[in-house]
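What follows are several structures.
Across the two complexes that follow, chain A remains constant while its partner is chain B and subsequently chain C.
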Partner chain A sequence: MKVERWTRTSRVFTGGLAVSVVILAAVPLIFDPDVVQKLTTLLILVLLAAMWNALAGYGGLLSVGQQAFIGMGAYATVFFANLGVPPYAAMLVATVVAGAISVPISLFALRLRAAQFAIGMWVIAEVASIVVRLDQNLGAGTGISLIQLNQYEPNFRQAYTFWLALGFAVIFLAALFLLLRSPLGVSLQAIRDDEDAARSIGVRVASRKRLLFVLAAFGCSAAGVLVVANTLFIEPGSVFSVQWSAYMIFMVLVGGLGTFEGPILGAILLFAIQATFTQGGPWYLVGLGATAAVFALALPRGLWGTVEERLGLRLMPVGYRVVGAKREETDG
Partner chain B sequence: MTILNAILQGIFLGAFYAVLACGLSIMFGVMRIINLAHGDVAVLGAYIVLVIVDRTGVSAFVAFLIALPVMVVLGYALHFSVLERSLRAGILTPLLATFGLSIVIQNLLQLAFSPDVHSLGGSAGAVTTSSWQVTGGLSVSALGVLVLVTAVVVFGALQLLLSNTRLGWMMRATAEDADAAELVGINSRAVYASATALAVVIAALGGLFLGIRSVFDPVSGPTQLIFAFEAVVIGGMGSLWGTLLGGIALGIAQTLGAQIHPQFAVLAGHLLFLAVLVARFGGARVVLRTAR
Partner chain C sequence: MEAAVLAAAGVRKRFGALAVLDGVDLALHAGVAVGIVGPNGAGKTTLLNVLAGSLAPDAGTLEFRGRDVTAKGAAERCRLGIARTHQVPRPFTGMTVFENVLVAATAQGRRRGGEAYDLCLRVLDETALTPLANRRAESLGLLQRKRLELARALAAEPSVLLLDEIGGGLTDAESEALVITISSLRDRGIAVLWIEHIVHVLLQVVGRLVCMDAGRIIAEGLPESVVSQAAVIDAYLGSGR
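So, the complex of A and B:
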């Protein structure tokens, strides 16, 4: 009997993922700007889904307020660009600043459980939204454009933004991947499976959760930065909207809560649905909400979790498998 | 005098929040879950009243009485379709499922009634317009008094229900320990369903007041949910009378905030809520842990 991480499938897939990142990097050289813009949206969705899953899937922290960081990332970009920082540098500064706000928030937010945490984060997002509305320099309630990006040729601008999105997605997914594979990751997966049991065998649950909370905040801030770079205009009503949480919940629940691959699958599905129902509209949202509720009740492991369970398929090696005579396997 | 008047108006506003929060408090007390669609259920109630008013021409209050049986049925349906399943599946599932339900209700209302705003004020009679001028700066509106009296009556009736009726005893027993309650012959399934139905009916009363006090549209629900939840938390989760006081504290914070700047009204309420969480998180943590 031996313990292994990599299987042939996961080797092939992880290698394939690396190759596909290289191929994706060439997208702006080949496709029209509007295709590039759509794919940037897909990368934003992947990033958001992975970050929401890091919180809920591994930390057991269900937030309905991650739009706080999306909005702060977006508005911080405009704020620093207006101070004269070059726009793409402003985006990096904004990601760090908006993400860092999560550290003081975590000091008290992580003490809350279940609904208190979920709605507490939502209220924090509402507060951030009201503060922006009070600031005339940020366009108050009517919104503001990132005019500094107009200095670039549209084709180049769309390409730069796409590469930034690809970079952010790779960095944050790799960070999550490495985190889950590290010794810390084993304790995170233990918390995911049973928080009280993990605590009783000495896992420092609070500090592990803080790590995930801060990672997710940086990731959502990066997504917010990309939103303003991709659309060039933001308003508090949409960038701080709870609709972001609805999308994140949908992607993660359908893809597979607590799996690494699931949220990526969920993001691709949501992207495909959005591309199909371009009109949006109430029926589309009724469908999203109902699907999320049905998955929560009937298929809590989501599509990928179910596939993984049935077939023992593991594309990204974040756990261990025990290979014995009976080829029995376990999770990390 | 304007401060005194702001506080008075805050009490009236807070009584409205307390009515909205009451059902949330009942469900948390009995089942330890928060229904994220609670605000949307209240708005749904307002729309049902609106439809009855439009079809029959009766006043909004009569329409609410007609709507009551519908709300009871909806409450049981909500429980058996969504909540009962989610209760068995851990602490995050009720939140996820009811959040999905919230989106469904908002958008079905959008489809049925268009995104336009509606009000029940016109069909509520003289109560919406009459007020008494106590002194120069202090005015007491009939509607404010009506909402406050209703809130006290609702909370008082609930207290009587919990302490003097068989259903109330069963609710308290189930809240204390559902398994032990089952052992002595209480059907916890039925008790949970009754608690949900009760919560939905009172949410609809909140929706009625929302429609009479101001306007509502299909997406008004989430804001009402946040205010209701803030009232529950400020008053102390799981405490019934605490919810009434929490609602009033929230209302006063909002009207006092509005004195500084209209935009500060909601902000002041949020800040009070966050301050209470910061001040009490140690205690709240213990309560929640013992609750599980």
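So, the complex of A and C:
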């Protein structure tokens, strides 16, 4: 008997994923800037969904305050650019700085449980928003532009931003994937399924949660950086809006909580809905709400959770298979 | 007698007005299996939860190899060598049987990679779960889930094993296999504490028997003498069964 990690399906799929990243990298060379801008938005959604899933799906940490990091990443970019750091370098610095703020935040946020944690994170996001509103140098309540990006010709700017988005999405999804595949991975899935049972067999739940919290904060900060790079203008009312959390919850629940593949599907679905209802407005929100309600009732495991359950399909090699054992006994 | 591996002294636990544990002293020794019997609500599972660290006692101390571990949580106690099973099995439903066991094998910080896999395969073999290794745990039946509880606890390589009703609902052949498994664990030097309602199965393994009622130990000693004590018979017959 031996233990296998890769299956034929997962080899093909992971290979396909690598190929599609290469193809995506060529997007700015082929398409118009506004298509590139839309696809940048899709990559931001994928990144956000994956990070919310890392928190909620594996750590059991339901946060409605991840917009704190989105907003801090976005405003940190403007802050460092205004200090004279070249804009794309400012984006990298902002990601690291805003992400690192999660370490001190985790010290008290992770002491909160369940709903208290969810609301506590929301409060942190609101506090960060208020701090920005008080700072005239950051445009206070009216918002601020990342004017330093105007030095680039629009086509190039959009291409650079897209590549940055692709790079961030690959880095953070790869980090989550490697984490799930590492020896820590099974303990994260165990926490997802039953935190107390995991504790009873020796899993250090608190340190695993901190790891996920910090990873998700860095990922959301990166997404915030991309938001300001993609839209060039931010205001505290939108970048710190709880609507980001609503989007993240939507994508993860519809796609499949606690699966690696599901949130990516959820992001594509949300992107498609946003593209269909371009006017926004009440019907768009009604549509989102109705879709979420239908999924919660009919497919509580989400799209991918249902596929995984019904077909036993696992595209990403994060699992383990024992080969060479005798055939399965009949159910008893 | 050599020093106890795990010793509880004066353990008390109240849930509201109800004293579920009312001053319990218990010592477990390497290579000795201790059985606990008693009517429902006697405090058996609560005692196990306190020993395993998933419930903090209101009073009393717990020592593991002479060290005070009263303040340590469940994860730290497991890493020290105290593993338990749950009365109502709690499998990680989204993971396969092998992955369930692998969590325990790797969580102690002692084994990883091939070494951990080998340990898991050995444990699955010992608990007759090998043919189910790739099944998602949510598809297991109750008896298979109970075997998985035992497998997970064993993969933690414990020196103290706390078992909570793993023998219920077994056929004669299955109980016999369970008796052999637990006896061999005991003979390997593991200190075993086994809560079980099926007394005749329990008596084939344990060298000491404890009877609890209303949060207290009302009799303890050699199994035969405990079973024959009038107080024990009263506790059982008085339980309304």
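One rule holds for everything that comes next: the second predicted complex is superposed on the first by the 311 of 332 C-alpha atoms of A that agree within 3 Å, B and C clash if a C-alpha of one lies under 4 Å from a C-alpha of the other, contacts with A are read in each partner's own complex, and residues count from 1 in each chain.
One rule holds in what follows: a residue touches a chain if its C-beta (ideal position, glycine included) is under 8 Å from a C-beta of that chain, and two chains touch if they have at least 3 such contacts.
It should be emphasised that the depicted structure is a prediction, and the values quoted were computed from it without experimental measurement.
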item	value
Partner chain in contact with A:194 - chain B first, chain C second, else both or neither	second
Which superposed partner A:114 touches (first chain B, second chain C, both, neither)	first
Partner chain in contact with A:253 - chain B first, chain C second, else both or neither	first
Which superposed partner A:64 touches (first chain B, second chain C, both, neither)	first
Partner chain(s) touched by A:202 [first = chain B, second = chain C, both, neither]	second
Touched partner set for A:223, first chain B, second chain C, both or neither	neither
Partner chain(s) touched by A:289 [first = chain B, second = chain C, both, neither]	first
Residues of chain A contacting chain B in one complex and chain C in the other	none
Residue numbers on chain A that touch chain B, as the complex places them	56, 60, 62, 64, 108, 111-116, 118-120, 122-124, 126-127, 130-131, 133-134, 242, 245-246, 249, 253, 282-283, 285-286, 288-294, 296-298, 300
Residues of chain A touching chain C in the complex	1-3, 183, 186-187, 189-190, 192-194, 196-205, 258, 309, 312, 319-322, 325-329, 331-332
Chain C - residues contacting chain A, complex	52, 54, 73-75, 78-79, 83-84, 86, 90-96, 98-100, 102-104, 106-108, 112-113, 116-117, 120-121, 124, 130-136, 139, 141, 143-144, 152-153, 155-156
List of chain B residues in touch with chain A within their complex	28, 33-34, 36, 82, 85-86, 89, 91-93, 95-104, 106-108, 110-111, 222, 225-226, 229-230, 233, 237, 261, 263, 266-267, 270-271, 273-274, 277-278, 281-282, 284-285, 288
